[in-house]
Amino acid sequence: MGKSGEKIRAAIAGATGYTGAELIRILSRHPSVEITHIYSRQHAGVPISKVYPAFTGVVERSCEKMDEEAAGRDADVVFLALPHKLPMGVAPAILGAGAKVVDLSADFRFSDAAVYEAHYEPHLAPELLPRAVYGLTELYRDRVAGADLLGNPGCYPTCSLLALVPFLRKGLVEPDGIVIDAKSGVSGAGRGTSLTTHYCEVTEGFSAYKVASHRHTPEIEQIVSREAGKKVALSFVPHLTPMSRGMLATCYVKATAPMSTEDALAVLADCYQGSPFVKVLPKGILPQTRHVRGTNCAHLSAVAEKSTGRLILVSVIDNLGKGASGQAVQNMNVMFGLPETRGLDATPYPV
Amino acid sequence: MGKSGEKIRAAIAGATGYTGAELIRILSRHPSVEITHIYSRQHAGVPISKVYPAFTGVVERSCEKMDEEAAGRDADVVFLALPHKLPMGVAPAILGAGAKVVDLSADFRFSDAAVYEAHYEPHLAPELLPRAVYGLTELYRDRVAGADLLGNPGCYPTCSLLALVPFLRKGLVEPDGIVIDAKSGVSGAGRGTSLTTHYCEVTEGFSAYKVASHRHTPEIEQIVSREAGKKVALSFVPHLTPMSRGMLATCYVKATAPMSTEDALAVLADCYQGSPFVKVLPKGILPQTRHVRGTNCAHLSAVAEKSTGRLILVSVIDNLGKGASGQAVQNMNVMFGLPETRGLDATPYPV
Amino acid sequence: MGKSGEKIRAAIAGATGYTGAELIRILSRHPSVEITHIYSRQHAGVPISKVYPAFTGVVERSCEKMDEEAAGRDADVVFLALPHKLPMGVAPAILGAGAKVVDLSADFRFSDAAVYEAHYEPHLAPELLPRAVYGLTELYRDRVAGADLLGNPGCYPTCSLLALVPFLRKGLVEPDGIVIDAKSGVSGAGRGTSLTTHYCEVTEGFSAYKVASHRHTPEIEQIVSREAGKKVALSFVPHLTPMSRGMLATCYVKATAPMSTEDALAVLADCYQGSPFVKVLPKGILPQTRHVRGTNCAHLSAVAEKSTGRLILVSVIDNLGKGASGQAVQNMNVMFGLPETRGLDATPYPV
Amino acid sequence: MGKSGEKIRAAIAGATGYTGAELIRILSRHPSVEITHIYSRQHAGVPISKVYPAFTGVVERSCEKMDEEAAGRDADVVFLALPHKLPMGVAPAILGAGAKVVDLSADFRFSDAAVYEAHYEPHLAPELLPRAVYGLTELYRDRVAGADLLGNPGCYPTCSLLALVPFLRKGLVEPDGIVIDAKSGVSGAGRGTSLTTHYCEVTEGFSAYKVASHRHTPEIEQIVSREAGKKVALSFVPHLTPMSRGMLATCYVKATAPMSTEDALAVLADCYQGSPFVKVLPKGILPQTRHVRGTNCAHLSAVAEKSTGRLILVSVIDNLGKGASGQAVQNMNVMFGLPETRGLDATPYPV
């Protein structure tokens, strides 16, 4: 539990973005958490229900401007739902003041500062990187349990790696030649306005973007390489889908030896036994993003293609749930010794 | 609580339709309820997670064929999420076996069988009508508390009456000349397939339907007449909106005496003080269906139009929430003496 | 035809907004028109196909900065698809240089400068107002034919007035007590970015806006008053619908004498005989915005409600078609003596 | 031109499905075509404008029951927009009566009856297969010109092969190891009703379907094998996108030798020089389905990925346009010696 009483005192920085607001949603009903501060530079002084009228009469707290030292003193955990670059600036002070940090940006996802810097910018706190844990909970649960600085994974890496790693770990697929074709809802682009997110430019359309140049590629490659025990390059293409929340990754991998669909499903089921949020669907049922919308769940499936020797793995998550804020809370649960599903076990909407 | 132990034993008939599945969603996490049976003629023997894959690993119960007497014996309350006509056939046996009934169809909404029969068909249990309570909770809470047969209101009546009745009760608006222009999401049409709900025939379109002929008109007129103390005819036009869940009603009424927007908002606020699900928005903020999506909430607003002497009332609900299954559970809470918000207080999604 | 040759030379100012781009679409294939210039301050020098990749290889013209005098000299007609205030600044020079003007803003829609100024801002060219013609083509075709300065109607007024005026002209409905409940697609808000048009804030939602305060109200009232021969106030509420293009107006009016649905449909049919773009649907068929999407058509229907003595009129248009650019070209056709349907007679999309 | 006069007499069988109705839309304004019959078993005797109200007052022809011999006598070309199996039953009689046949089903797409039969069913007219031409116009224009029986390609094969074949023909990519990840709008599923196309089950969702088992796989493999000069197996996964019309294919191929993005784009540009419907976008611009919506165009792009040696090809079409009815008319143009763009050159909608 929290350091000074019964409930974990949690603060949220960047509270008015989509992932920040989703953190508020989850934590406001989390039985072991008390939200003590929500921070927003842009909306300091404004009630969050003005920014998100859905919260009217339900969450009636006002945004504040964050002072990182005070933030670290007043909370047991601070969630950083900020654009990359900002978190590495404030994390040292927050940690120094005694709070744990769950960072939803890319700042603490890379073990090698050089890789981060090649795709983002100069790192401001490289000395913290060895201390940071990559929080793909199901795959690194033990390390997460001991973390006080957690790099919460990107949505695309989460969705893809949940499907790939079980096979890589057992050497059942070739680490080379992997293709990941991923599709995301629009909320992944954040709440900022741009032509790209204008309703009329999105509805009834579909497009690829950042082909062979998305910054989640090195993040995925880092983990695939770690699990494969060798440096791996892969193809990753993200696409924008006319939906608000949801993400699907279709992964194409070469099996190292002939494998049936049943075998492949068993590999997944075996890996995620004891992981309540990851469901391996029965043979013949394929994942749909709608089925995990608003949840911290992932649905996985696999099909063995005889003619090519490939496995085709399909994985869905909610990009704001398991792909961001849901997993952040799941990691917090693990970091504080709570049951992993605490506060995350609402029944999904049927429609 | 329930008649035979600590938790209320609840059964759901018509469990695989949208309102039935939404009942499952809500009740599966209701802290004072245990779902004991889910009934579906069409899917008897089939796990509900096959019908709604979102429930995979979360709700793993199978559908059964209902025997109404057994249903009444094995439960403290039976929710009937069935097409009209079926509920009036089974309610007598269920009540006779000792369970309460919450009926989501139109069968027990009318106090006068003749009105029902003029718009639906011959009534099979007219002797039960005097016993049935119209469950617009906020407006008839006391009667709901004593009910064992509850007619859960239609979605359009719920949305419209929440806005209109506070003014009618105080004689502040003329009962004649009311116009209700209402807009619903597609889930109101149910899960059955038809050209009307085909994605390509709905997306990026908008249409009126059943102009001056929808069966919710007499239901609304019944309550408006009751509250106004005189027989009233009004204009009601429903429209189909390209969205899954949500409903908005715009009501145009003539004020009996000059009233300001502030006055009108105060009338609403006064009426719904102590009603946690109905929020009157501050002046200048207008309701949006997205802000109540997935909840049992209603958001209300009012604008006084000086040039015409009209009040324009805007009301939003989720047609499957406050418009159906949410209100059904709210009514159950009241009928069993539980706090009204029990099991219905999840924080809404920000996006 | 045009003043200096065979084809009408047309220029478009504000070419990169949605109505400007729609004008380009229509005029680029108009058999009697040659587009000579497209003007855009923001994108001067940029090929229009960079701004709208749909035009790649089809319309390969570049945007220019407009000089209004040159614009008037080099064209037979200049379309002003600009925000209000700008057109009244440039129209005098364009007219002075010899070109006709079709203005899609509100600047030349009002005969009384005081009404314009009460809802917009000080008028810069009030001396031109008597010369300007309000271009609701079907209703004022004769005046349009003689116009050289045309105020193209707003989308909401077009949609509403097409339904109302036939009855007002014959004194068949009371001019007082009219309610217009209108619903628009998002493209009506233009291409500028704002939270209001962010995909995630629009999709799967519905809302009212500018209740009793939209600037199209005085425009509608002006025409209703003119046709009714008395000053009229009415209620008009616009709503935002999760679709890109389309508009539906539901109008509630009191009949002066009992009228059947058949009678009402006959009044509409009679009025629009000889108007190829306005179709009165058979009894029992209700208009849908999808059926006029991308066209210059309006679909109309009427239902007589016996219990209230009201007529309920439903009207649909494409807000960018008949509600803006389509009608602008229709007006140009009439102004230049061309057949009204020239360049506007593409077969609608079935889906 | 047509055999008996100035205009080509065209008949459409299956006129009330989406591809049939789209054929009506295109051909009704085609300057060299006269529609002489539209056939629909289900709606025989019904005006097409009752089935598609968008056609009200524009296309006012009634559906008839087809007699194939009469159909062949009364027309110069018969379009078969029927489910597979039906076309091979009627094509012989139509051809025998002297008309050309453009078949939009799979019945005449395979040169080898055994392949067809392995994925569909026993072929009823295998003797016609050598006579049938696979109508991917840009790739087989010469053969199309001489065809009287044309197998119009599937939407997925059209979209994928336009991107792949230019490289295969020149031996620039390896025929083995190809991955095609494709995404389609819902209209590809046709107008029939099913839970799969229910608005509430589609909107705001995304899913894969028929992974490694879609019947377009052998069709694509047939052409890839033909162009590669060897039997090829590839991975093809289709996905359902919440949009009505549109298709995007992302193709992953291994270059046989190092190639830059510029090189790859040049290969495409070179191949489609003189093909007015296929546009290769400038480097840095990626295709979006919205930009080809409602047209017969394809937009293509290519990116060379240095780290993997792969080319990533992105291709978009409208599945009902270039993916079905648009290409069918394009093929008809070529078969009758008309300019390829005749009747297909409308300017695309900007929004």
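In order of appearance the chains are A, B, C and D, and numbering begins at 1 in each one.
Keep this in mind: contacts are C-beta pairs under 8 Å (C-beta built on N, C-alpha and C of every residue); 3 or more make two chains touch, one makes a residue touch a chain.
Note that the structure is predicted; figures quoted are calculated from it, not measured.
Colleague: From the centre of chain D, which chain's CA centre is farthest?
Modeller: Here the answer is chain B, farthest from chain D.
Colleague: Please work out which of A-D and C-D is bridged by more C-beta pairs in contact, and write that pair.
Modeller: Answer by contact count: A-D.
Colleague: Could you give the separation in Å between the centres of chain C and chain D, each centre being the mean of its C-alpha atoms?
Modeller: Using C-alpha averages as centres, the distance is 37 Å.
Colleague: Centroid of chain A to centroid of chain D, CA atoms only: how many Å?
Modeller: Here the centre of chain D sits 39 Å away from the centre of chain A.
Colleague: If a residue has to touch 2 or more other chains to count, which residues of chain A qualify?
Modeller: 18, 187, 191, 200, 203-204, 242-245, 288, 290, 293, 351
Colleague: Can you list the residues on chain C that touch chain B in the complex?
Modeller: 177, 179, 181, 183, 185, 200-201, 203-209, 211-212, 233-235, 237, 239, 241-246, 248, 250, 252, 286-290, 293, 301, 303-305, 307-308, 310, 312, 314, 316, 351
Colleague: Per the contact definition, I'd like the list of chain D residues that touch chain C in the complex.
Modeller: 18, 21-22, 24-26, 28-29, 52-59, 187, 191, 203-204, 244-245, 276, 279, 281, 285, 288, 290-294, 297, 299, 320, 345-351
Colleague: Given the complex with chain C, which residues does chain A contribute to the contact?
Modeller: Touch residues, chain A against chain C: 18, 186-187, 191, 193-195, 197-200, 202-204, 242-244.
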